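I have placed the structure first, in the form of structure tokens, so that the comments after it can refer back to it.
Chain naming follows the written order as A, B, C and D, and within any one chain the residues start at number 1.
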Amino acid sequence: MTLRVLYFASLRDRTGVGEETVEIASGTDVSALWSMLGDRHPRLSAAGVKPLVACDRTYAAWDRVLDGVAEVAFLPPVSGG
Amino acid sequence: MTLRVLYFASLRDRTGVGEETVEIASGTDVSALWSMLGDRHPRLSAAGVKPLVACDRTYAAWDRVLDGVAEVAFLPPVSGG
Amino acid sequence: MVRLQTEPIRLDELIAAVRGDGDGAVALFLGTARNVTAGTEVLFLEYEAYAGMAEHEMERIASLALSDFAVSRVAIAHRVGRVEIGEASVGIAVAAPHRAAAMDACRFVIDTLKATVPIWKREHVLGGAVWVE
Amino acid sequence: MVRLQTEPIRLDELIAAVRGDGDGAVALFLGTARNVTAGTEVLFLEYEAYAGMAEHEMERIASLALSDFAVSRVAIAHRVGRVEIGEASVGIAVAAPHRAAAMDACRFVIDTLKATVPIWKREHVLGGAVWVE
């Protein structure tokens, strides 16, 4: 299963990319994906606190299973306004 | 003692004048002035409720003695905004 | 800045009058002329003010807002004379470093203005006009 | 009306988008770029949005405001990219027949926007830039 992963603000600074494509197994949830991504981008896990997550542009929980999801975004605490 | 008296909105409609000059005795208060003005303009007292009063452009009480006051205004309930 | 005016209210002027570079928030309020009152169609409004005292009261309200809330500047403009449906009869702008104070003060200003500033509205309807008092 | 934009926010456009002839009140809020943060001078701001999701969240907030308050229309505009000191980074307009609902809803919109809309601010200071998160 192919997934588009997006990083914003300081998380993008940590990965060095705003967007990438990853292959995941069926049944993978957000937490498992985050661990995978931490292996690929060591500075990601150094962020300490877990970011917010959006699946297909809607906020989602960390135990959300990604079957059927096309786009996952990791979002630092927002600061618009 | 000469006093300038102002009427606004529906009170001006009742008196037919926006401003007039009256002679009052020293020691006259707002209530006594209002009675005098009611004799001069019968439709004033027909207004029923007592209006608000301003002496020299500041809200004042009905027992305010008018010695030293130059201008008294009778104000219907306000409706600006 | 406090003003009675016959010309339309310009929000950009109110904002320019209040905003400083240390302010992160501007709260604004416009009271606009509605086309209906208690089920009756309104053609236009007319405002009369006790000039001199009205500005004095508006200044007093602005001063109270500045002393009671953590805000930087307050501007109040009110129309006098004829106001067409859809136009603003009153405009308020409050700038502050932070938004809660700006919004609280803006509400205080319009609520107090409506209760104390000597201005009267006349609604012109088909066949006549009535003072709102 | 909900919008992410690189151009300056125009309040007249927001007002035109919300006001109807049955509305007696328009409450507005501008979040403006401050020249200082925690004692440090700020040169300019930069906003990044998760385009698509940010508009979706703003639409959701506008819908909530319309269902929870007696208001007629809501408009929200947020800047992306560089914002100079003094410029508005966000503009909100809410029209309603009566003022209390307009002001309550306007406050709900800005408070909720700041908590949930995926937009990030970067403060550019002398010698660098920091994400506010």
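Odds and ends about this structure:
Quick note on the criterion: contacts are C-beta pairs under 8 Å (C-beta built on N, C-alpha and C of every residue); 3 or more make two chains touch, one makes a residue touch a chain.
Because the structure is a prediction, the values reported are computed rather than measured.
Apart from chain D, the touch network of the chains falls into the groups A | B, C. When the partners of chain B are compared with those of chain D, the chains appearing in both lists are C. If you average the Cα atoms of chain A and of chain C, the two centres end up 48 Å apart.
Computed centre separation for the pair chain B/chain C is 26 angstrom, with centres defined by C-alpha atoms. We define each chain's centre as the mean of its Cα atoms; on that basis chain C and chain D are separated by 22 Å. Listed for chain C are residues 31, 110, each touching two or more other chains. Shown for chain B are the residues in touch with two or more other chains, of which there are none. Applying the touch definition to all chain combinations yields A-D, B-C, C-D. The touching residues of chain D, counted against chain A in their complex, run 31, 47-50, 52-54, 56, 78, 89-90, 110, 113-122, 131-133. Against chain D, in their complex, chain A makes its touches with residues 6, 8-10, 13, 54, 57-59, 73, 75-81.
Within the complex formed with chain C, the chain D residues making contact are 11-12, 15, 19, 21-36, 85-86, 88, 95, 97, 99, 102-103, 106-107, 110.
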